[in-house]
Amino acid sequence: MPADGNGAAPAVLEARGVQYAYGDLVAVWSASLSARAGEAVAIVGRNGAGKTTLMFGLAGVLGASEGSVHFEGTEVTKWSPWKRALNGISLVPEGKRVFRELTVQENIALGLPRAVRGKERRERVEEIFERFPILAEKRAQLAGACSGGQQQLLSIASALTMRPRVLLVDEPSSGLAPVAVEDVMATLTELKAEGIAIVLVEQRIEEVVTGIADHVIVLEQGRVVLEDVPERIDLTDLEQRLSVA
Amino acid sequence: MTVRARAAGLLRYGWTAPLALAALVALLPALGAGLTLQRELMLAALYGLLVAGFNLSFGFGGQLALGQVAVFAGGAYTTAILFSHGVSELAIAIVASMAVAALLGLITGLPGLRFSSWALALVSFFLVLIIPNIVEIFSAQTGGGNGIPGILEPKLFGATLDAEGLYVATVIAAALCLLFLRNLVKSRYGHGLLVLKQGAPLARSLGLSPFRLRLSAYVLAGLPAGLAGAFYAYYSGFIHAESFDFDLVTLLLAASVIGGINSVWAAPLAAAILIIGPEQASSFEQYSLLAYGVILMLVGVGFSIGLSGVGDALVTRIVGRPQRPAGVAERGAVVSQPSLVIAGERLETRGVSKAFAGVTALDGVDFEAEPGAITAIIGANGAGKTTLLNAISGHVRPDRGEVRLGDAQLSRMKTEQIAKAGVARTFQTPEIPESLTVLEIVASSRIGEHWIPAAAIAVRAPRYLASRRQDRERAMAALEFVGMAEEAALPARELPLGRRRMLEVARSIAAEPSLILLDEPAAGLDPEAIEYLRAVLLRMRDAGGTVVLIEHNVNFVMEVADSVYVMDLGEVIAHAAPEEVRQDERVISSYLGRRAAQAGPGGPSGAMEVSDAR
Amino acid sequence: MMTTIWSGLSVGGLYAMAGMLFTIPLVRCGIINFAQAFYVVLGGYGIVALADQGWGTVPILLALLIIGGILGGLQELLTIRPAKGRTDTALVTTLGMAIAVQGFIIAVWGTEPKSVSFFGGGEPFTLLGGRIEPGDLWLLGTAIAAAAVLQLAVTGTRWGLLGRAAMIDQTAATLRGVNIPRQRTLAFALGAGLACALALLAAPKTGVIPSSGLHLAVFAFAALSIGGLGSFVGCLFGGLFIGLVEAFAARYLDVNWAAILVFVILCLILVARPGGVFGIRQLRAV
């Protein structure tokens, strides 16, 4: 059980004993996690450990076969992905997943709910462009014409349009040049400071454990095998554990 | 011996079962079956041929080539026209009809080369719609709206066939044709189609020409339809355009979907169900079309695997997964796998340039890779790394410059020719065709090596059997090389990412290439798999291979590469040994960033990097 | 000759609108509903049945829209949604629905042709030197209006943006708040409802017979493909073009050559420009 240093903030997103399966192949067994406002939870593990499955599950793309998910006190286990997205839980899927045939601006405007109209619509889009000036330059270009790093930023930016209180980010650094990764991590740190709860999956252990994470969860073959604060984790031990069969 | 082992042993001879059934069906008249039943079975056999041929394009090719009905019409009219000119010898009619069908298959298949599934379906529907129009235009030969009546008394090698004789001839001919089709499907030809279905770039990278493969599939799919047409003319006795209409297309689709779109033997079974079933209900005629529509919807939603898939699933349940592929020696037997020769050639590019829609992707790139060495290319996204790889493998044609491998000039060759010249590559996202085992995937790299005519494959000629043995041996050798021999019989699609990457590496060396191009092989792998990959790459280097790889994992590149090229904005900005490259200012500012540069030389691990930063 | 032009433009308007009907679910969820053209034929029979009961034009129109909408929605709920909207399954099940509708028509009404007269009534008159009937003018005018409205909706509205996103990447669209299943159901309902309603203009032109479904489907596809997959304006031009080719070929060559000519032109255009003239999506090439 995580013993956190900051017990004051309530959990924004909480998963209790969730299980996710593809048909009869169980990918995640009885996982639990809590994400608090202004904090980042990092999920690490080997390939095939179930990290992306867990993320899709938290976002609602996969239904939980057991367990429950709570968001700001409400049970959301049965909520569809669009309902979660419109209510404050946004997922940035892995792989720079943007709408390549739409423009950068259209990508960003996509998440705005129907209720937001006219002037307010434009303002919210401009808010996003202020945070990401690189994208503002390219606003009329097709997303597919942007570089990999820009696409990853766009993916994050589009998730932010929906003003999430929980941001789920799946392997933001995968396939990016180290220089671009630094940009992405800096953005996530900013968001953390603004009070958003972040759940982050990363392959590169040292980056998250020593950088952005306030809690670390280790998944192994679908089960949570370790859960602690970074200060108490032996990095070499962890790396060994994930390297040895 | 356990029941399982016994069943597995029997399964080896499972291919004889449909033939035994066919023999039984052929003998039915002698067993007392009436004329009505015989006619129904004949029709089932003929429609079954149509469906089996259609499945070649649909199930294996993924294309809804409903023009099969037009091909069938062509075959039937050919025999009918021959009859109206006094030729009623079946042997001649069959050859003529099949020849016409092959040609029609080619013509109706041409749209499929360029079009998506929807467009092809549209064009084939249209073709069926205009059959009456075409028949009208050639009414002198075809009898126009009146058709050709009174087609009777077929002769086989001179002897007149009565109703029963025609029945037996039909069943035997159909069974033989289906056998050949089945042989074709379960062979390198069928595997080639599945590779093509996965994607044309993959097919080309294995030395296959998508154009030729597709065309051959259309021709081969037409042959059973031609055969069916010839017999149909005598079965029906009267050929007119109305027999080849939308209702027949419906039946074709329904039978294909019910029997399983990949099936051969289940096709006549499904056709039989659709023909004989409705006959039993007397007032069914009126509702038949409605029923077919409902069946299609039900089956489409619920039974996407069809009858043959159910059969396969049952077999797997009873017999379990196969332990080792047939024809490969048991472990422990003293048989040494022939070792693969992957000694490479020297690769050299000079001044290679490429622009896409005004954006320069490559700007005069000079690049060299030696045999027995690993050469890595790193750089930011958009730097041109993958474009350079594509230019070498031929997936992209350079605007200027040349690419040489050994003595060969690759720059002007087609993609599949470059593959045949000894260039093998992997893809960022592993391209793994469906329905194939690990061994078959690795062996698929050898399909483009040497071409075996379809006829030889269909009859399992010695030439084909010898090549199949050699393919399997080489494939096993490649799997041994990467340490995947135990997984040879597993369905490839079920492997986790790391194993699929390794599978692609095995596939790339099975054809004994002169150059191996790897596109981000370490992406998304966990540390254990990366270590494994490193070991295999070093093995490839030591065997003399010319290995070129693109990577973002800087640590991995530093540990494995002998020489590193750094690209930015389409140009090479540095080329040196790993440690030097790491300290280069331009490289740091454009790509590495300070932290990665601060990690010291001499095999930095993650822990070391962190403690440096702290 | 003007008469031939009017004839071509009016039937072309019909083909164009049928093509637009196919385009609606296509730009909302990436699926082409084969049954769409057969809903038009069904609508024709609906008009016959209701007109016999003495219903007026507007009530018939409402009935067609509502019943068609329900049918389309049910089709999606029962045959597309269970398969999670997969397009390869949809190819087979929408064909199945098309066949079932045709089969239903034959089962209930048989194969005898019926006829329906144009609701606007009226006699043929002369316009710009050619003979034309009021119904024909309506076909052309409605087609042009429909193309304009639909094209603007897809490119300029939030509704259109959501549809385009869903067509590109469904899962990613759900993560941006797009309710894909509901969007798909509504698209099917809209398409089917409009298809049945189109019968008011189509049935007087083509007659009310079961076999007109296949003809309409094929020519609508041709309009769609020539004009460009996903473009309503493209459908309009494609449809009018085909209509004119058919009319001129029938008049000056031979009736048989008309269909063959359209077929050949379709193939040529698909080979030369797979995306069609105005297309927003490229069809796969080798």
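By written order: A, B and C. Residues from 1 in each chain.
Note that in this section a residue touches a chain if its C-beta (ideal position, glycine included) is under 8 Å from a C-beta of that chain, and two chains touch if they have at least 3 such contacts.
For clarity, every value in this text was computed on a predicted model and none was experimentally measured.
**Student:** Can you identify the chain nearest the overall CA centroid, using each chain's own CA centroid?
**Tutor:** Located nearest the centre of all protein C-alpha atoms is chain B.
**Student:** What chain is the most remote from chain A, judged by the mean position of CA atoms in each chain?
**Tutor:** Of all chains, C has its centre farthest from that of chain A.
**Student:** With chain centres taken as the means of their Cα atoms, state the distance from chain A to chain C in Å.
**Tutor:** 43
**Student:** Can you give the whole-Å distance between the Cα centres of chain A and chain B?
**Tutor:** 38
**Student:** Approximately how many whole Å separate the CA-defined centres of chain B and chain C?
**Tutor:** So the centre of chain B lies 35 Å away from the centre of chain C.
**Student:** Inside the complex, what are the residues of chain A that reach chain C?
**Tutor:** 59, 61, 80-82, 85-86, 90-91, 93, 97-102, 106, 109-114, 158-159, 162
**Student:** Once bound in the complex, which stretches of chain A touch chain B?
**Tutor:** 45-49, 147-149, 171, 174-182, 203-206, 210, 235-236, 239, 242-245
**Student:** Spell out the part of chain C that touches chain B in their complex, as residue ranges.
**Tutor:** Those in contact with chain B are residues 32, 78-79, 82-83, 88-89, 91-93, 95-104, 106-107, 214-215, 217-218, 221-222, 225, 254, 256-257, 259-260, 263, 266-267, 270-271, 274, 283-286.
**Student:** Touching residues of chain C toward chain A in the complex: what are they?
**Tutor:** 158, 161-162, 164-165, 168-169, 171-180, 280
**Student:** Tell me, which parts of chain B touch chain C in their complex?
**Tutor:** The touching residues are 64, 111, 113-119, 121-123, 125-127, 129-130, 133-134, 136-137, 200, 210-211, 214, 246, 250, 253, 257, 286-301, 304.
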